[in-house]
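Next come two complexes, and both contain chain A; in the first it sits with chain B, in the second with chain C.
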Partner chain A sequence: MKRFFKALGKYFADFGTAVSKGDIWVKLSLFIMGMGYIGRGQVIKGLLVTALEAGFALFTIKISWPYITKLSTLGTVQREEVFDPLTMSKTVNDYDNSLLILLMGVLGIVIIAAFIFIYIANIKAAFRTMLLKKEGKHLNNFREDLRELVNDKFHITLLSLPALGVVFMCILPIIFMVCIAFTNYDAAHQPPSQLFSWVGWKNFITLFANKQGSTFGYAFAKILIWTLIWAALATVTTYIGGILLAMLINHQDTKLKKMWRTLFVITIAIPQFVTLLLISKMFGNYGIVNGILQRMHIISFLQNLGWISTSYVPFMTSSGLTHVMIILINIWVGVPYQMLIATGILMNIPSDQLESARIDGANKFQIFWKITMPYMLFITGPSLVTSFIGNINNFNVIYLLTGDFVTSDGSLAAANAKDVDLLITWLFKITSESVTKQYYMASVIGIIVFIICATLTLVTYSRMIKGDNEEVFQ
Partner chain B sequence: MKKKLVAVLMTAAMAASLAACGAKTETPAQNTDNTVTEQTTGDKTEEQTGTDVVINQGSDDAIANLVAATEGTVDLTLWCSELESYQNTMKELAEEFKTTYPDVDFNITIGAQSESTCKDEILKDVEAAADVFVFADDQLNELVQAGALQAVTTTYTFDPIVANGAGAVNAASLNGVCYAYPLTASNGYFLIYDKSLLSEEDVSSWENLVAACEAQGKKCGMDFANGWYLYGFFSGAGNVATLAEDGVNNVCDWNNESGLAVAQAVTNLCASDAVISIGDADARAQAKDGDLIAYVDGTWAIEDFTAAYGDNLACVKLPTFNVNGAPVQQGSFAGYKLVGVNSYSDNIGWSMLLAEFITNEAAQLKIGTNTQEGPANINAASQISSPALSALGAQSAYADLQRVGGSYWTPAGTLGQTLYEGTDDVQKALDDAVAGILAPQ
Partner chain C sequence: MKAKRAVGSIFRHLLLAFLAVVWLIPILWLFVTSFSSDPGIRTTRFFPEQWTLANYSKLLFHPDTVANFPAWFKNSMIIGIFSCIISSAFVLMVSYAFSCMRFPSRKRLMSFSIILGMFPGVLSMIAIYFVLKMFNLTDSLAGLIVVYSAGSGLGFLICKGFFDTIPASLRESAKIEGASEFTVFTRIVIPLSRPMIVYTVINSFLAPWMDFVMARLMIRSKDPTNWTVAIGLYNILQKTLIGQYFSVFCAGGVVVAIPISILFVIMQKFYVEGITGGAVKG
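And then the complex of A and B:
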C-alpha cells in the first residue's frame, strides 16, 4: 500500500518537474500536444498526437459531454408524441434516454480518464525528448520509431489491442452493470419511453434486509446456502468419482481399458444440454422412470408406505428429492471429465514412491490415502478451485434439469425464485422470465456473486501458493 | 406528472383529429359494452370520465397524403407466430397489401415471434423491434406502460369497433383508448375429450368425469400447477384475481371463505388417482398412449389431440365442480390476439395501414380458415365453425379477460401444485399464495 502511494506521488512529481523545468516546446505541448515533438523535428509523431487530441476534444464536446452532464439525473425529459391523423405522421419531442445517458456517460468518462493518462505521459515524453536533445543524443525519426515498435517495444505492439479489448469489452460493461445496481431500472422504468434514476444503496438493502412485503432477503439467504452446498457437493463428488473411476479403469485386472475409457469420453462428446434435457424428461412426473416404477407396482408400494401422496415419484418436482437428484445426475455428467484428468495424473505418479510404500508394507488404502490422494490434490488443487467457482455459476445443469419444478414456498415464489435455483439461475429468471424485470436486483445479485467468487478464489489460491509447497509435498 | 402531460397531449391530439375529421365525416361514437375493470397506468388523479372507446374515421385524403409524401422503399417488419400456417398466411396478406397500394414500393419482412412472448422481445429494444406485431392481449398493459404501442385513435379503411366483438375491443383498450387491432378471439381453454369413452353427461361435471375415468382406469387432467388454468376454479366461484387500479399490482381474495371452499374442492378432486396435473407436451404424449382421455387445453392443441383421438375428438365448455355440495361452473381466462403498431416505427402511417389490412374481415377470415383460430371479426367468425370454437363460445360466458400483474404467476402456479399434491393446511397454502400475488412490485 505504502509503495503504491509512493509510486503515485512520484508519478505526479515527475509531471510537475516536466512542466516546470520544460522549455517553451514542452510548455506549448500542454495546449497542443504535438508541439513537444514538432519542436524537435519529430513532425509526423507530433501531428499524430495532435490529431489524437483533436479527436478526443471533438468526441467529448460533440458526443459524450451532453450525456455526462445528464449523468447525475439520468435524464429529465420524458418522451412525448403527437400523432397527426391527417398526414399520418407524428412529432416527437427531444426526449432523454436514461440507458443511453448511462452508457455514453460511462464511456465518455472512461475515455476522459484514458486521455488524462495519455496527456500526462505525453508531457513527460516531451520533457524526456528535450533532455535527450540537450545532451546531444540521437532522436528517433518516425521511421525509426516504427521500427522500434517491432523490435525493442514489441510488447507494446502486441499488448495494445488486447488491452483496448479488455477496456471496452470487460471493464466498460462491468462499470455499466455495477451502475445499474444503483438505479431503479425495471419494467416500469424502461427506456426509451420511461426514465430511470439513481436510488443509492436501496437495492442492496432490499437484498439483505427482510422487509415487510419483500422476500428478497429470505430468498437470497436460502438460495445462497443451496448454491454453496451444491458447489461443494458437485465439486467433491465428481472429483472423487473421477479418481475412483480412473483407478478402476487403470487397474491391472481391468480388461478392455481403452473401450471403457472411450465409452466414458463419448458422454462428453454428446452436448451436455441434450443429456440434461433427456434426463429431466426421463425423471419427469410422467417420464419413463415413473412409468417403469408404476408397472413394477413400486409406486403403489410407496403410496401404501405413505412416502408419496402422488401417483408418481416427484423426482424433479419436490424440494429435497430434486436437490439430491440434481447432484446425482451431475455426477453422471461431470465424472468423465475428472476421469480424463485423473487418468493422466495417475499415470505420472512416481512409481518409486508406490514401490517403496509397498515394500514398507502399506496396504492399498494406505497407499491411496497417503500417496495417491496427496499427489492428486497437489496437482489438481488450482483446477479444483476453478471447478468450485464454475459450479457456483453452473447455469446449465440447474436450469435445464429443473424446468418443471414449481416451488411450494410462497416467499420464494414472490421473489421469482425456486428452491433449486442457484444465484445465477435466479438472476436469469429475474431478468428474462419475470414480468417485472428487476434489472437492478439482477445486477445486485451479480455483484454479490462476483464478490463471493473473487474472495473464495483469492483466499484459496493465496493459501495454496503460500510457502514452498513443492517441498511440503515431499 | 409527466404522465399527466402525456395524457393532456393525447387528449389534445384526439380533439384535433376530431376537429379535423368533423368537417368531412360524421364521427359516430360507437359505444361498446365496457365491462373491463378500469385500470390506470399510473397517475390516479387522471380521472377518465368515459371508458367508451372511440376510434375516429380518417379520410381517404390522409392515405393520399401519405402516398404522396412517401419516397423510396418503405421497409416494414411484421412479427407473427412461428407456426407455418401463420407465416404462410401473413406472406399472402403482405403480397395483397402491396397490390392494394401499387404506387408505393414496399419491402415487408415477416419475422417469427410467438405471440405469447412477443412483449419480451419488443421490450428488449423497442426501437429495433418490428413495426407491426401480433401479441396476446394480456401483454397490452405492459406494452402500453412501456410506450411501445401506437394508440389507435384513427383508422382509415374500416372501424374495428363495429367490425369486431365488444370483448375483443375491450381487450385491446385501456382507459378508453384503443391500443391495438383485434385479430383472433380464441386464446382460451376448454375441455378436450374422447367421445367414444366419455358421454356428454360425463363431461358436464368434474365429479362425473373423475368417476367415469376411475371406472375405466383412465385419466383426466389439467395443468393445475399453472396459474393460467387454475384461475378458472376460483373465478367460477366468484373469487377475484385482477389488476389493482395502478395497473401493476394485483387484487386477490382467494384466501377468504369462498376461496377456501374452492381450494378444498380442488384438493378433493385431485385426491383421485384419475386426476393428473400435467403440462401441455406431456398431455399430448399421454393422450396418444390412450391413458389420458380428457384434458383442459386450447385451440393450439387440437391438431395433436386429433392425432390421438381421431374422429372421437370432442370439445366442450369446462365442467362444473362441487363447492360445498353445490355445482359451480368452472371459469376461465379468455384471450385475444391483437395486432399492435410500434410507436417507435419509422413508417408509422404505413404500419397502421398494414395493421388494419391484416385485421380486416377478409384477412381474419383467411387467418381463421388457415390456422383453426376463431376470428375476432363478427362476420368472419360467423363463417367459421369447429368443435373447438363452439366450445370456446359456450365457455365465453364464464370467461374473464386476463388482467393480472406479474407477481400472479409463480405464486398461483405454486398454489396449484400444492393443492394438487394435497396439503393439511389449505388455508395456509392460500394465505401464502395471496401474499405472493399481492407482493408489491
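And then the complex of A and C:
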C-alpha cells in the first residue's frame, strides 16, 4: 500500500517537473497536445495527438456531459404522452431515461478518466522529447516510430485491440452492474416509462439479513453452499478422470490409441445443449431409463424395498438424487475435454528429461511422480483454478439438466430459486424468468459471485504471479 | 513377467471398452432416435420400431413456422466463423505479449486481467444487452459476434502457459539474427504452437455453437429465421412442442455435430503432436 502511494506521488511529481521545467513547446502542449511533437519536427505524430484531443472535446461537450450532470439523481422528469386532437398525433415530453443516463454517464466518465491518463502521459513524453533534443540525441521520425511498434513496443500493438474489446465488453458492463446494485431498477421501475433512483446499501442488507417477508437471505445461504460443493466436486472429478483416461489411452501397451481417443472425442463434437437436454430427457420421470427399469421390474423391486413411492425413479426431480445425478452427468461431459488437454500436455513433456531419468535408473512410478506430475501441474495449474471458477459459473449443465425440477421448498420458490440452482442460474432466473425482474438483486448476487471468484484467484495466483517460475521450463 | 503384462493389457482394453460404451450410449440414442418414425419421446425401447428419414427431410427441406433449421444453421455458421477468427487472434496476441515480452507493469496487467476474467459472464451479459441496445446491435448477427469475441483476450491463461514452455533460446537466437518481434511471433512462436492454436481455435469456434444463454438474451425476435441453432433446438423442446419435434431435435443434433466433427478430425492430430521436443538441440 505504501509503495502504491509512493508510486502515485512520483507519478504526479514527474508531471509537475515536466510542466515547470519544460520549454515553450511543452507548455503549449498543455493546451494543444500535439505542439510538443510539432515543435521538434514530429509533425504527423503531433497532428494525430491533436486530432485525438479534438475528438475527445467534441464527444464530451456534445454528447456525454448532459448525462453526467444528471447522474446524481438518475433523472427527474417522467415520461408523459399527450394526445393532441388537432394534429391527431401523440407528443412526448422531454423526459429523462434513467438507464440511458446511467449508461452514458458511466461511459462519459470512463472516457474522461482515460483522456486524463493519456494527457499526463503526453506531457511527460513531450518533456522527454525535449531532453533528448537538448542532449543532441536522435529523434525518431514517423516511420521509425511505426517500426518500433512491431519491435520493442510490439506489446502495445498486440494488446491495444483486445484491451479495447475488454473495456467495452467487460469493464464497462461491470461498472454498470455495480451501479445497478445500488438502485431500485426492477419491473416496476422500467425506463423509459418509469424512472429509477439510488437506494444505497438497501439491497445488500436484503440479501444478508433475514428479514420478515423476504427469503433472499435463506435462499442465498443454501445456494452458496451447494455452488461451492458442486464446483469442488465437478473440478476434481473431471480433472483426475481426464488424466487417468489420457494415461490409459496413451499407455505403451494400448492398441488403437487413435480409435479410443476418437470415441471419446465424439461426445465433444455434439454441442452441450443437445447432449444435456437429451440426457435430461433420458432420465426424466417418463423417460427411457425409467421405461427400461420398469420393463426389467427394477421399479417394482425398489417399490417393494420402500425406497421409492412413485412409479418411476425421480432422477431429475428429487432434491438429493438430482444433485448426485448432476455431478455424475458432469463427469460424462467434462472428462473427454480434460483427456484431450492432458493428452496434449503429456505428449509435450520434454523427452530429454524423461530419457535422462530413465538412464539414471528411475522406475516408471518415480518418473510419474517426479517428472510427469510436476510438469502437468505446472501447466494445468492455472486451468485447474479456471475450471473451478468456470464450474461456479457453469450455467449450461445446471440450467439445461434441471429444467423439469420443481422445488418443494416454499422459501426458495419465493426467492425464484430451486434447490439445484447455482448462484449464476439463480441470478439469470431473477432477471429473465421472474415477473418482478429485480435487476438490483441480480446485480448484488453477481457482485458476491465476483468477490468469491476474485478472492479465490488472488489466493491461488499470488504465488504464481509473484514467483518467477514461469521461466522454469523455458 | 510377460504373462502379468498380458493380463494387464487385456484388463486395460476391457476397461477402455466399457468406458467407451458408457460414453457412447447417449450419442447412439441420439442417432437412432433421429431415424424414428415416432415424433415424440420413446420410453420403452432403445431402438425405434420403424426407421425413417422423414425427420431429416423435415429438418432440412421443409422448414415450418416453428422449425427453420437451414436459417439457424446459416446464422450460427456466420457467427461461429467470425468470432472464431477474432477471438483466436486476440488470445494469441495477448498470450505472446504476456509470455514472451517484458515490459513495465506486465505482471500487474496480468493479475488485473485474470481477476477480470473471473467475472461471471451471464451477469455482464445483462449489462451488455443494454450497452449493445444503445448501439442498435441487439437482434443482429454482428451484435452476437461482438459479444462472443470482444472480451476474448482475457482467456489467455492456458495459451500463455503453453508459450511459457517454448524455449526462450529459440526466440533469442532469431533476434540475434536480426528478426523483429513481429517476425518472431509469426515465424517462430506460432508455428511451434500448433497444438495450442488448435485448442484455441476449437474453443473459440465451439463457444458460439454451444452457447444459448447469451444468444437468447440478445435475440428477442419471435421469428424463427433470426434464431441460432442453439435457440432453435432449445425452443422446439418446450413442453408444448416436444411431442411433435423430439425426433426432429435429435436429427438437428446429429446435423450440428457434422461440421464440428470434421473440424475435430482435421485438427486432432495437431492437438496431441509433441512439438518442442527436438526443436532446440542442446
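Definition applied: the second predicted complex is superposed on the first by the 326 of 474 C-alpha atoms of A that agree within 3 Å, B and C clash if a C-alpha of one lies under 4 Å from a C-alpha of the other, contacts with A are read in each partner's own complex, and residues count from 1 in each chain.
Going forward, a contact is a pair of C-beta atoms (placed from the backbone, for glycine too) under 8 Å apart; a residue touches a chain by one contact, two chains touch by 3 or more.
Everything quoted here is computed from the prediction, not taken from an experiment.
Novice: Let me test your reading of the model: by the given contact rule, A:317 touches which partner, first (chain B), second (chain C), both or neither?
Specialist: It touches chain B, and chain C stays clear.
Novice: Which partner does A:7 reach: the first (chain B), the second (chain C), both, or neither?
Specialist: Once the two structures are laid over each other on A, A:7 reaches no partner at all.
Novice: Answer with first, second, both or neither: which of chain B and chain C does A:305 touch in the superposed model?
Specialist: Neither partner.
Novice: Name the contact category of A:407: first (chain B only), second (chain C only), both, or neither.
Specialist: After superposing on A, A:407 lies in contact with chain B but is clear of chain C.
Novice: Touching A:79 in the superposition: chain B (first), chain C (second), both, neither?
Specialist: The answer is first: A:79 touches chain B but not chain C.
Novice: After lining up the shared chain so the two structures overlap, which partner does A:341 touch, if you call chain B first and chain C second: first, second, both or neither?
Specialist: A:341 sits against chain C, while chain B stays out of touch.
Novice: Once chain A of both complexes is superposed, is A:428 in touch with chain B (first), chain C (second), both, or neither?
Specialist: In the superposition, A:428 touches chain C alone.
Novice: Once the shared chain is lined up, is A:194 touching chain B (first), chain C (second), both, or neither of them?
Specialist: It touches chain B, and chain C stays clear.
Novice: Taking the superposition on A as described, I'd like to know which of chain B and chain C A:254 touches: first, second, both or neither.
Specialist: The answer is second: A:254 touches chain C but not chain B.
Novice: Identify which of chain B and chain C touches the larger number of residues of chain A.
Specialist: After superposition, C is the partner touching more of chain A.
Novice: Both chain B and chain C touch chain A; at which residues?
Specialist: On chain A, the residues that contact chain B in one structure and chain C in the other are 284, 286, 432.
Novice: In their shared complex, at which residues does chain A touch chain B?
Specialist: Touch residues, chain A against chain B: 78-90, 187-188, 190, 192-194, 213-215, 284-286, 309-311, 314, 317, 404, 406-411, 413-414, 416, 432, 434-437.
Novice: What residues of chain C sit close enough to touch chain A in their complex?
Specialist: Against chain A, the touching part of chain C is residues 5, 8-9, 12-13, 15-16, 19-20, 22-24, 26-27, 29-30, 41-46, 90, 93-94, 96-97, 99, 101, 103, 106-107, 110-111, 113-116, 118-124, 126-128, 130-131, 134, 146-147, 149-154, 157-158, 161-162, 164-168, 180-182, 185, 195, 199, 206, 209-213, 216-217, 229-230, 233-234, 237, 242, 246, 249-250, 252-254, 256-257, 260-261, 264-265, 268, 271-278.
Novice: How about chain A: which of its residues touch chain C in the complex?
Specialist: Going through chain A, the ones touching chain C are 99-100, 103-104, 147, 150-152, 154-155, 158-159, 161-163, 165-166, 168-174, 176-177, 180, 245, 248-249, 251, 253-255, 260-275, 277-279, 281-282, 284, 286-288, 290-292, 294-295, 332, 336, 340-341, 343-344, 347-348, 350-352, 378-383, 386, 389, 392-393, 395-396, 399, 424, 427-428, 431-432, 439, 442-443, 445-446, 449-450, 453-454, 456-458, 461, 465-466, 470-471, 473-474.
Novice: Can you check the complex and tell me which residues of chain B touch chain A?
Specialist: 2, 5-6, 9, 12-13, 16-17, 20-21, 56, 58-59, 61-63, 65-66, 69, 120, 123, 126-127, 142, 145-148, 150-151, 153-154, 156, 225, 248, 273, 276-279, 282, 285-286, 343-344, 348-349, 352-353, 405-407, 409-411, 413-414, 416-418, 420-422, 432-433, 435-436, 439-441
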